[in-house]
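Take a look at the structures listed below.
In what comes next, subunit A is part of two complexes: it sits with subunit B in the first one and with subunit C in the second one.
Moving on to the complex of A and B:
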């Protein structure tokens, strides 16, 4: 084992429990279906996970700051519908910035309620989940939104294009993850986010403007949602009003699976990305294995619980512990 | 959600008021309808508009139009309101086939005939219902199987074709019945075609696209895709186009505008034409027939014909 001591391995394992779990699932699925590790399949899974992933990046900030965001699913439906509608009315160059500003306004509103008015984020965003859904339906009149000229628009580049052989959604996801990862781990703002979520009172006494930090987290989250909506709209060039329905829970699952604490103060962008990939590969793996779909719900749950358990066990250094 | 319901309620109230004013003079029938979730999709939105239009066109009808917003509790409350108002008949689009039965029973006991529209309630409630009016999902499924089989025969691949099947939301009656119709009929008309895989697309285009991507990785040879509605069918089509897989025959159900357009482009083969206008008009007609004392069968299906690239010019493009 050279110079590597048992303790060093132990501490590495403790930090990377979720990576080990990820590796185990990948091996398991690869053994069950030979095509699972096909480069096309891997690329396809990451591409379709990119939408969930981009949203999860923003929610990571919100969760680390000690809050929740359950409104991201219906907010994503909103941005998708809005950008598709505006595309045919004012053209893509104008539609995209307008959609971003509208979504950021929603984020600012949530951020104001949670940050400055200090309302409970669960209640605020749960309410926004249905309020924004209603807003979307009112906007569209319940109709599916479709771009008329699907062949002749460059708008499809965000969801269907590729550069250097890599699909654009993956590029957006990776670039945004790198940028937000640096923002969270290397800048004063990032440290403030951890401080606010770790101990809000102490952070206030240290001179951190807590409301502003929380507000900014929701702005970031809304920005990520708008980006996800853009990819979604561009990928299918048409959408139902309910396209993002239920995504809020998948996003939260990915963030928590990545090891962020629901109580705030811990989590990283990198681990959120792993959480997103685990969810994406589970869905794809189960499809390829061809398990009957009623069983898939249960198996998905079992795999997630296993991953969380492995992560915790690695931190504790043993599989079972009488005390937490 | 809130805003829409206020809108729906005010519309209903206005209609009721307007109706009450003219009913005094005419003495026609007062028919109440509680819908599932108007605005959630274009089908239901168009249905409501068509129902109101049909009711207005008939001097004998005064309509009280309500929307449950997908909420079972609200629908039950609306049923009770309609019973209180002593309407002559109630049309219900169930939010949930089981949970609304007690409310339907109450209307039945109050002597108000109940017509179930679009999606039927659970069998336990049949004795309290006068009639069901809506599409026949099993027939729709078997017609889709016939469309696909006929196309395979025309292509000469009816002896080796492989089909994947993308269903609606697991547990939904419509999804289950269409799947059953398709799965039962296909082996009868094309015994050598195999259905190699079935997975749910949850009525969702994006989900269906993901499922199809996985199918394309898993199977080198896919000749046909049957999707439980066109929305999912187009999702699957997008996946095949992105993967550069050509020559796959796509057949759906409930022809949507996107499906109709894809058929015009020659990318999508066929579907089942189900008009929300026919659906709404059939519901109103069924209620009126009952009030006029006509003998009706329990199940009143309106026709949902086959539509393919070959005959689509006979149909107008769906508005949803």
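Moving on to the complex of A and C:
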């Protein structure tokens, strides 16, 4: 095994860097605080990461297709508020599908603008972030939404229930991740998403209907957002209008941490899940070690930049950028 | 090339046409819907409009350079908050206690210095690592905001210095102090972009980076200087605003990046770089502030403002694309 060169080690480190960093973090936190690896603690972290995670799954598709989605945070507020409001008006059985279809309509609108009209996704979703926030406030009249009968509704099952000893949010997250992971890596649609993001012009010339693929990515993203809104609403059974504010950037951070390139064409569902878990465990670990809650923001900053830097350094074979 | 010229004029004039439309609409609608009997186009109201545009406007000037250069900066809101804390807190530090009112320029200088340093850090990372500016500043937006919270927890940082407040509320030649700062920043950046080598190089780099490199332009230092400028302007914006208000919450400046980018895009700057004008950005800033003010004048609440601004942003993008396609006859892909 003497033939392993420094470059090979470097490229291995860079390619699997995110997993190595994850392992190092886990070991470090475990040594620093014995409660960190407690099954209850681990369950708790995954459970609280589930909402962010579910949204990150959808955004992964959008990012791989070469676009951005900054509207997921305010869209999540929208679906949470809508489902809570409808719950008392028409009952949970009707409220959930209605909320899903309303959220999907918003996703379809964004998908139409970015996919078919080919508008810049950063600006479109920035506009939608503001517009949907306005829509939510108009819908709720600016008031907090609360379910009146909090004890007597089965609606709480999505956020608070558990099946086979596993909390339902984790189950939803895992099932959705498995489904979308298969969709992305094993189906023609998934390959089209990579093709569109990798080289849009080439994919058009090879007969892929690019607008439709982009459109579908935004629909998937909206579906994930609606699911996240459902979990959020069911967990708290009441909500402010700004519940999802700022989540779009945390979601994006998780997806980038998982190694998806913002230029499109790369990234996987599995790595996004790792990215989500890293964010969740760092937050938890820092708290257990006794640091302030806000330290996690600074640590996340350093990790994001290091992760992306190592990733592109491995691709170009040099640590420092060639920019003169 | 008559049609090309026509569409160019249409595009550069569009933002001013939009402002005129807004003025007419809110004046007429205000007659019927407003609760106050003051006219919308009241002189005091318009002066206030300029003053209120200053915090976003000053940062937007820096964002124009950054975006012309082909980058983006999401961390401006966090830099704004940090500098505000430095400004207010440094005035209470014991080591400056003997200075009396002489502490004001020291505090200003400290806040501006911190802004430049934070911007320089962003620029240095973008330059040396080659990581996309969107990711770098997304990260530092989280990181800098974390520093803000670590400084004083969720508590507001407050300090009122009446000499400073008097200065910030003063009116010179009829305009408020913040308005003057906005005008000075606009003029300075306009000069930088249109009359200096650095400005021309910024356009060149944004338009075609390869070509700029081949022409011997050093891209890295330009990126770094531009990030230092936007850091400085974010700090200046904080200095101007908090000199008057005297209290900063750790959440202040959140979503500023979105407002600033909206103003810059409304002003006609391309996200892809290489095109954009300071005058256009000034128009974009005024248009947004006018919209906020006008909507509240006719009794609409913030939710409507958010809705309308989001939709206008998308509409502008759509119209801009339509005009571009007619000019260029793009390859249909």
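In this text, the second predicted complex is superposed on the first by the 282 of 324 C-alpha atoms of A that agree within 3 Å, B and C clash if a C-alpha of one lies under 4 Å from a C-alpha of the other, contacts with A are read in each partner's own complex, and residues count from 1 in each chain.
Rule of thumb we're sticking to: a residue touches a chain if its C-beta (ideal position, glycine included) is under 8 Å from a C-beta of that chain, and two chains touch if they have at least 3 such contacts.
Since the model is a prediction, treat every value here as computed from it, not as a measurement.
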* What is the contact status of A:146 with respect to subunit B (first) and subunit C (second): first, second, both, or neither? -> first
* Asked: Given the touch rule stated above, what does A:294 touch, subunit B (first), subunit C (second), both, or neither?
  -> both
* **Partner contacting more residues of subunit A (subunit B vs subunit C)** => C
* Considering only touches as defined above, state whether A:108 meets subunit B (first), subunit C (second), both or neither. => neither
* Asked: Of the two partner chains, subunit B (first) and subunit C (second), which one does A:44 touch, if any: first, second, both, or neither?
  -> first
* Once the shared chain is lined up, is A:137 touching subunit B (first), subunit C (second), both, or neither of them? -> both
* Once the two structures are superposed, pull the subunit A residues common to the subunit B and subunit C interfaces. => 130-131, 133-135, 137-138, 142, 293-294
* So in the complex, which bits of subunit C are touching subunit A? -> 74, 125, 127-132, 134-136, 138-147, 149-150, 153, 213, 218-220, 223, 254, 258, 261-262, 265, 271, 301-314, 317-318, 321, 333
* Asked: Can you name the residues of subunit A that touch subunit C in the complex?
  -> 113, 117-120, 122-124, 126-138, 142, 200-201, 204-205, 246, 249, 252-253, 256, 262-263, 292-298, 300-302, 304-305, 308-309, 312-313, 316, 320-324
* Structure fact -> The subunit A residues in contact with subunit B across the complex are 33, 35, 38, 40-41, 44, 48, 130-131, 133-135, 137-138, 141-144, 146, 160, 232, 235-236, 238-243, 283-284, 287-288, 290, 293-294
* Can you check the complex and tell me which residues of subunit B touch subunit A? => 1-4, 7, 38-42, 44-45, 170, 197-200, 204-206, 209-211, 213-215, 217-218, 231, 234-235, 238, 242-243, 256-258, 320
